[in-house]
Structures are given as C-alpha cells and as structure tokens.
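These notes open a run of structures that come right after.
Next, two complexes with chain A in common: one pairs it with chain B, the other with chain C.
== the complex of A and B ==
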C-alpha cells in the first residue's frame, strides 16, 4: 500500500490545521466576519500589537514556559540518573501522568496556597504563625503556581520520554567507558549525555510548546493582569463579536512563539546531533 | 539505597498530593490551621452521585472519548499502514508534518477557524462538532503508536500471507493481533486526551462534560465538591486507560503474536 492510504487522514488534518488557521486569519483581517459584509482591515492587529497587555502576556507566557520546562528537565535528569533500570519508580511516575492538568492546578491551589495544606503543615511545625506569613505562591503575578503545576505534571512525562533512551545507552556504552577507567560521573556526562540529549531536547520542546498553548492551568492559577496569552485569547473569544479578531491575533502570537521554540530545538538537534548520528 | 530514596521522594512529591483530594472530598469542617478536617462527611459524594447533571456529564465525557478514539483509530490505521510501507519519503514527511502539527500548534487557533466551518455545516453546539474537533487532537498519539508498532514488523509479511492464501480480511486480522500493544497504547492516549478536554466541549458544543461541570467548583472554591469531581475526573482517566489496555491488549501482557 502506498502513502495514498493516508489520504482521508491527510484531508481531515489538513482541514483542521490549514483550514482552521486559514479561516481564523481571514476572520482576523475582516474578510470572513461572522455577521455583516466582509471589509478588509488590520484594526485588530494594530489594536493588539500596540497594546501593553500583549507584551506583558507574552513575557509572562514565555517566562512560565521556560522556567517550568527548565525546572522539569533538571528534575527529570536527576531522577533518570538515579533510577536507571528501577522499574518501580517508573511505574509510580505513570500515576501523575494520568492526572488531568485541571486537577494538577486544583492540587496546587490546595497545597501551595496561603491557607493550603503546605501552609498548615508549616504552622504545625512552628515555621509560620499565621497564614498571612506564608508567601503568595498561587494566583501571583510571577506565575509560580502555574510553574509548580506544570513541573508536577511534566517531570514524569520527560522522565518516561527520555529514560528508555538513557537505559539503552547505559547498557551498551557506559560499561565500555567504565572499563577504560571513567568514573560513573564522567561516564554519564561523557557518554550518556552527548548521545541522549537530542531526545531530551525534543521532549522539552514538546513540553514548552504545550505550556505556551495550554489554557486550563493559567486560567485557574493565574491573575487578571498580567494574563497568559492563552487566557487572553480565550477570554477575548468568549467576549463580544468585535473582540474575536483580537483573540485570533493573540492566538497567532502564541503560534509564533511555539514555532520559534520548535525552530530552536530543531536547529540545536540538527547542528550537534549529527556528530552522534547512528549510535 | 539511593534508588529507594528517590523512589520515596517521587512517591512523596508526585503521588502523595493526591491524598489531599481524598481528604478534601470527605471533609466537613476544615478551618485554618488544622492539618486534617475537624469533621468528616460524605455529603459531597452524595450530592455529586445523586445529581442528574453529573450522570449526563459522565455519559457525555465517556461517549465523546470512545467515539473520538474509534474515529481516530480507523483513520490512523490505514494511514499508518500506508506510511510505514511507503517508498515516497518526501510525501511521508509531509503527511507526518501535517498529522503531528496539533502537537506544536496551540489548539485554540485552529479551533477558532474550525468553529466557523462547523457553524456553516450546522455542527456547532452538537456532540458531532465536539467529536470532529477532538479527533485531530488525538491523531498524533494514535498515529505515532501505530507507526512504532509497524516499524517492528517486516513489510514482507503481507507477501508471505498472500502466498499462503490468506484473504485480505485474514491479513488485516493478523496485523491487528500483531499490533495489539501499539493499538492499546495509542487508544489509551487518545482516551485520556479526549477525556481531559475542557475548552473544546465548552467552546464548540456547549456540551457539559466532567471538566466543564467541575470548573465552577474549582474557581468558586467549594472544596469538597471540587475534590469529588477531581477524583472522578482522575479515576475516570485511569479507568479509561486501563480499559483500553485490558480490552485491546488482552490478559497476556507483553505477549507478541
């Protein structure tokens, strides 16, 4: 069977991705209004791209995406270094993977909130006297609550994405390095890391792009201003018909950020991954 | 020793927090600074279970998840089979790029455009509209799982089966048996992704699913009801995953046909 077997799927996905984005762009320039006659205009672009809230939203979105991905990758690397073939920990990490992001956001509120379970434990241990002594970690302007929720959800994903590659390398190559006198640390950074980081970069890229585009967690754990781009777009879309083109422009900015992240990841893999191709 | 230490840390950080949900779902009075509730009640559970809205939301969530998975599987089955044995590398790359695009494109942008098409088709505010928009979101997972499975199977098996007189139906049935682990993985992912959707049923269909029903309790701060819905939501995701694994993969885990 040739590739033509994928025609129905290609048609559906093409209609969704290209047709969906195309129709949204047409609506944003006034060529396909929901009601009334078409009138080409760039008003929505001018309004959104000159707004201060867009810059704040982009900065917040990028900050949340980069910080949460960075922390998640760091934690995942440490876990992978420690557990190796230990199947019990891998099985345990499947549990948070099945927990929906909305529930992760709810848990963050209840555990890291000012009167949450973490604060109650701190009070029981004598660390704080009153809930107002607890730092604000949810619904804060920096986005720590959102970052916590994403780290909790994405560490298991990155571990389970990267660990099979790491384990495979450990079996085949690390023993050779150890025979030649390398320490465990040296064998890890000299052998495992150079060979496995491309797959870690792909996993990190997927996580980063997902964080930029996801709505539920910032919707629950964010603040009104600054709001992440996904929440801004969602709120504008659910507002009046006049605001819908603006929602599309915000969503286009989101897509641009995702494409930049993707391009960086692919460029890094292409530039350095070639040296280790074929292992 | 280090491994057991990491195991304990992972259990504490990634699994123990779920215990807060269980505690909160049965909490009556729970004021600051008590670590545990002062009184316990099953009122929130009874409120949710006796609610007609909950039953209809559960039926809608499960129905949409199953329908989305079924449609995605049928579409991806023929596509994966064609792509795995295709010599046209360029076309394969294009098809895969389009099919994996939902992983890298923020879902809200194509959703807005697709909503317009659905309004014109008369599918807006309907279950079919929600299914039509959710299928592309799960396609990357199903397709990738099937391609992973097909990569382990030689392209010559079909020639051998045909030479031995197997009908087209028999060939497909054999392939299905060989790909059971991949199908279970892809369908499990598809069920969880479609079960977890909040924006699509709300925006496209105005359909009340479990996350849509749950959101006001989370934002509004009704702790006990929010916890019950969160537990149902989480357990539902796990149950769907396990059902796919047991029903599709069968009882002999890890077996290869």
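== the complex of A and C ==
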C-alpha cells in the first residue's frame, strides 16, 4: 500500500501529536501540573465551558472560518473557471501565497484601517470629509477585517490546490465531452465539477481548519471582546500558570471544531466513493 | 526492511533529549579574575522584549561590540514579545528536567521575576559577585532591593529604571490633564481620541494600575503586605466604574481596545487618537527622532505621580553559559554602557547606577547629555515616582478588567 513508504514519518508525527495531546489533557485535569502537586480536578473544564466568553468566541471562530472559507472557495472557483488558464493569473496568485499571515493582517490595517491608505485616498479624492466617516473595516465586531485578510491569503492556496486537477480533467475529458456536443457550461458542470470537487473539498477543509487554529489574523484584526478561540487560548496560555489548564481546554475546543470539519469533508468524499468510482 | 530507519530515528530522539554534563567551574564562588578568564570567547544569548528599535539598536550597536572588546564575550540578542513567554518556557524546561537551555540572560521584572524566582527557575544569587554592582549600585535602596514588592535577593541585577508617562501632541492638546479626574473630563470632551492597550499588555496593565491608585484612594493601601486578591477585588470597584464610565468616549466607542502598545502608537502616529502612553519616559522622544511621532509630541506625568519601577537582568537556571552571562551583565552595568544608555541618541533611559559613585569625567559626560524635548527632565520624573504594587496582585486586576470592562 502507498502509505507504508511514509510510515516512519507517520510514526514520528503520530508520537508527537498524540503525545502532545495526551500531555495537554493530563495537564488540563490537574494530573501533571508544571508546578505544585498533582490533583485531579475538572475545574478548568467547568470554568471554561460555562463561561459566556467561550460561547461568544466559538460563534466568532465558526463565523470567520465558515464565511472566509465560503468566500475563498467561491472566488477560487470563479478564478479557475474564467481565468485559470492564463499564466499571468498563476503568477499573480503567487504574491499572496508568499506573504506571511501576520504581514497580511498588518497590511489590512494599513490599507483598510480608518486612518489607512484607503481612507486617506478617499479623503484626498473628496469622497469623505474626515477619515472618521470611513466605515470601520478592521477591528470590527463582525470580523470583516479578519475575513478579508483570510480570503486574500487563501484564495491562491485553493486555486493552486485545485487548478492542476481541473486542468488535467479539461485536457483529457472536456475535449471528449465537447466532441460529443456538450456546451462549455455543460462540460464544466457535467464533467469537471463531479470529478474534481473532492480535491476542492479537501483544500477548503484545510483552509477552514487553519482558520480555526491560527492566531495572527484575529489577534491583529479582531476586537477585544468577543475574541476568537485562538486568541483566547493564547492569552490564557500567556497568563499565570494557574490559567494554563484553561488554555488547554480552549485549545481542545478548537481541536474539536477542526475534527468536526474534517469529519464532514471526509464523510462527503466517502459517500461519493460509495456511489461512483473515484477519479 | 526499514527497521534500521526506526532505530536511527529513535537513537536521534534519545540523544536530543540527553543532558550535557554540568560544568565543574562554579562562577558564584570563584574569584572574579577566574570568572573573566573562564567567560572569554563564549557566546551568550540575551532574551529581551524586541518591540523598540532604539533599544534593539543600543544592544546591537553599543552593548555587544563593547562587551566583545572588553570581555571577549559575544552577545546574541533574542527578541521576544514578553518575558512571560520565556518564564513559562523555563518552567516547562524545569518540569522536563532540561538542564541545558537556550537563553543565558533574560530582561525581566515584576510578576515574571516573581514566578521565575519562587519556582527556582533562576540561577544565583549572583548580583553581589559583580564588581559593578559592588561599586555603583545602591543595593539597599528600596526601589532596587524590591522588585514589585519582592526582595530580589541577588537573583537579578538592576539594568535601568522606568516610569509611566502619558504621550500627547502639544499642537492638539495645549493643556494636558494632570489627574485621572481631569483625564475623565478630557476624554468626555474629546470622544474617540483616547484609548489604552488592552491588559494584559504590559503598558495597558500599568495604565489600569495607575488609574486604580487615583480613583481608589491613593497608592498606600495597595502596597500593604496583607492585601490579598479578595480585598483587592473589593477595592477595585471604583476603578471598574471609572473605566466603564469613560468607555463610550474611547476610540471605537470602547468596542475594542488596541491589542498592544505598538498598535496604540500606530493610532497616535496616524492621528486617529491624540494620546499614547508607556512605561518608558524616553520612548516618545525616540519615536519623534525617527519621524514616527509628530515633532510637537510631549510627555506628561500626573500631579500625584506615576508608576515607576526598576527592571533587571537575570540568568535562567539552565543557561548554558552562566559564567559568561555574569560577565556580560557586569559589563552592562558599567558606567560607560549605562551613560550610553542614558543618552537619547541610543535609548535615553534612566540608569540603574548611583551617579554619585562615578568619577569626575563620567559625571561630566552625564551632564552633557540632553534627553530631547519630548522627555521630561530627570528631576521632574524623580519627584513624581510612585512605587509599584505587589506583582502577584497584578493578574487579579488584569482578570478583573477582562470580566468587568472588556466583556460588559
């Protein structure tokens, strides 16, 4: 089988990941504290899971993950369908890929912030009287700034993840379909899409999981409250050592959300495999 | 067939975890000459907050070359966001019994020092061994012997003194407020023009302590050794009332706060807010100098005084080069490097040394330094110093702010 070639890697990765999670869980129930004597307790779970800020944080995290993944997938599909075959598109898409997330977040502040370049330009062109009239696009309660930064960063990722497969299908299957008289539209939805969506699903799953876990963008572009789960767990982690178990509980919530997303993606692909033979 | 690969990997992991043998040389007992000889040629890693260009430049361009020249020790600066992260890492390494760490010197004070010292994560006591501490530091002065209410006991050596100041633009605010009461009025009259970094940011946390002293009946009660978390929570009620009262008049109507001091500085530099603040009286002058802040930027303290503290250098329990670290710290406390630090062209920060112990020539050099328009004169700062409260009470206020202000 294919995966056996990478089994040493899997073993190492598995040991680190499972070991890390195991240690974290032990610490979260007080069995392995950094300082002091071990004492089994579920205090951290009770404290975190009953807190209003956790619920708010979960909603926010889910909202930015789903909305930014949704918009990114929509844009990526449009790009692949319309301009994916131009070499220039691919070159331009490499630019956001090369920019780290933290830089993307800061760029968003500089461009879309209330006193940023966008606002200054609007003021210079006479569109607004004062920068304070510019709508609040960063550090807003909904999270539009965060979503914008993620979409900008993740569209190229999804396109480059998906486009090679689309191109291959086009070359081999779309010509056949066209010979048999299918319109371009019909060839796309009848041939390319059914054959390629599983890889799009995997790509967007990766993006969604990344957004749930990553901290830089919500840290720079978010509001103080509600804060995303990543910001909450980071702040608790940096707090006193007493708060460390709580940080772990928040991180476990993030992990749970990631597992749900992965399960949904895998379930969709599995069901498809039940119905047709795969590509 | 690939079994040998597993063996190699497991062997690699095992060697990586293994500990190096401890050095037999004891720098805490050896004569200073031997310490110097032992340290020569070594490299030390200095972990410090990396958020200030001028401080970084002072270390890279002034401190490192000089120590290389005088003691043969190479300094590698490791920028960190908060000493708290490093202290947590040390505690983790301690629990894993990792006897050889990566950092030799850490810039630290307050609650981080308390956590590190009380959990045995620091090497020492080493301060009394250093010739420059013996000659130039007034080790009995309360603001040096006690770090946020905790005796340093020689586990850290003072590097400099900082004081909380407010930063404003005199072109926009001709008469800055002189008390928290006046600040409240000013904020109300100028909606959207004021905010503070969200605690637990170091400076934001200092701002709420500063406010606490004034709105909850002076600093004295908060310095008492008997004060505990519960009493503090009770006494902090007027502070939450004050902060919630000004909240609707803050930047973005208090719906969000800048996540750190860098963001607040950015808002001030772009004119989005009219005041900044910070625990470094010379930062404003430095940012004026590199054209980040407007030329008309000035600083002010409150009539009843502002928070002041001393910051220190410490050596982690598992520093790989403890001897060279001691030598480097000693050099950093030399009058030459401390006077250079006082110079606003480098950093502009108050010295940890007692200038009366200096030679005539060094005192003259000190007199010639002009600290810039935006920095208050040393005597004005000195007259308005208030002591810090106990470090272990600080997280109580930070947690209180989250629950009583941010999440309401």
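Rule of thumb we're sticking to: the second predicted complex is superposed on the first by the 254 of 279 C-alpha atoms of A that agree within 3 Å, B and C clash if a C-alpha of one lies under 4 Å from a C-alpha of the other, contacts with A are read in each partner's own complex, and residues count from 1 in each chain.
Methods note: a residue touches a chain if its C-beta (ideal position, glycine included) is under 8 Å from a C-beta of that chain, and two chains touch if they have at least 3 such contacts.
Because the structure is predicted, anything quoted here is derived from the model rather than measured.
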Chain C versus chain B on the shared chain A, clash or fit after superposition: clash
Touched partner set for A:20, first chain B, second chain C, both or neither: first
Between chain B and chain C, more extensive residue contact with chain A: B
First, second, both or neither for A:254, with chain B first and chain C second: first
Contacts of A:174 with chain B and chain C, given as first, second, both or neither: neither
Which superposed partner A:191 touches (first chain B, second chain C, both, neither): neither
First, second, both or neither for A:48, with chain B first and chain C second: neither
Partner chain(s) touched by A:123 [first = chain B, second = chain C, both, neither]: first
Touching partner for A:207 - first (chain B), second (chain C), both, neither: neither
Which of chain B and chain C A:62 touches, first, second, both or neither: neither
Contacts of A:131 with chain B and chain C, given as first, second, both or neither: both
Location of chain B clashes with chain C - one stretch out of 6-14, 96-104 or 114-122: 114-122
Chain B and chain C footprints on chain A, overlapping residues: 8, 12, 34, 109, 115, 131, 220, 237-238
Chain C-facing residues of chain A, complex: 7-8, 11-12, 34-35, 52-53, 109, 113-116, 131-132, 136, 139, 141, 219-220, 222-225, 235, 237-241
Residue numbers on chain A that touch chain B, as the complex places them: 1-6, 8-10, 12-25, 27, 32, 34, 79, 82-84, 86, 88-89, 92-93, 95-96, 98-103, 105-107, 109-111, 115, 117, 119-121, 123-124, 131, 152, 155-156, 206, 209-210, 212-213, 215-216, 220, 230, 233-234, 237-238, 244, 247-248, 251-252, 254-255, 258-259, 262
Chain A contact footprint on chain B (complex, rising order): 2-3, 5-7, 10-11, 13-15, 17-18, 20-21, 24, 32-35, 75-76, 78-83, 85-88, 91-92, 95, 98-99, 101-114, 116-117, 119, 133, 135-136, 139, 143, 192, 195-196, 198-199, 203, 211, 214-215, 218-219, 223, 226-227, 230, 233-234, 237-238, 241
Partner chain A, residues of chain C touching it in the complex: 2, 5-6, 9, 82, 84-85, 88, 91-92, 94-95, 111, 115, 119, 192, 198, 200, 252, 255-257, 259, 263, 266-267, 270-272, 395, 398-399, 402, 406-407
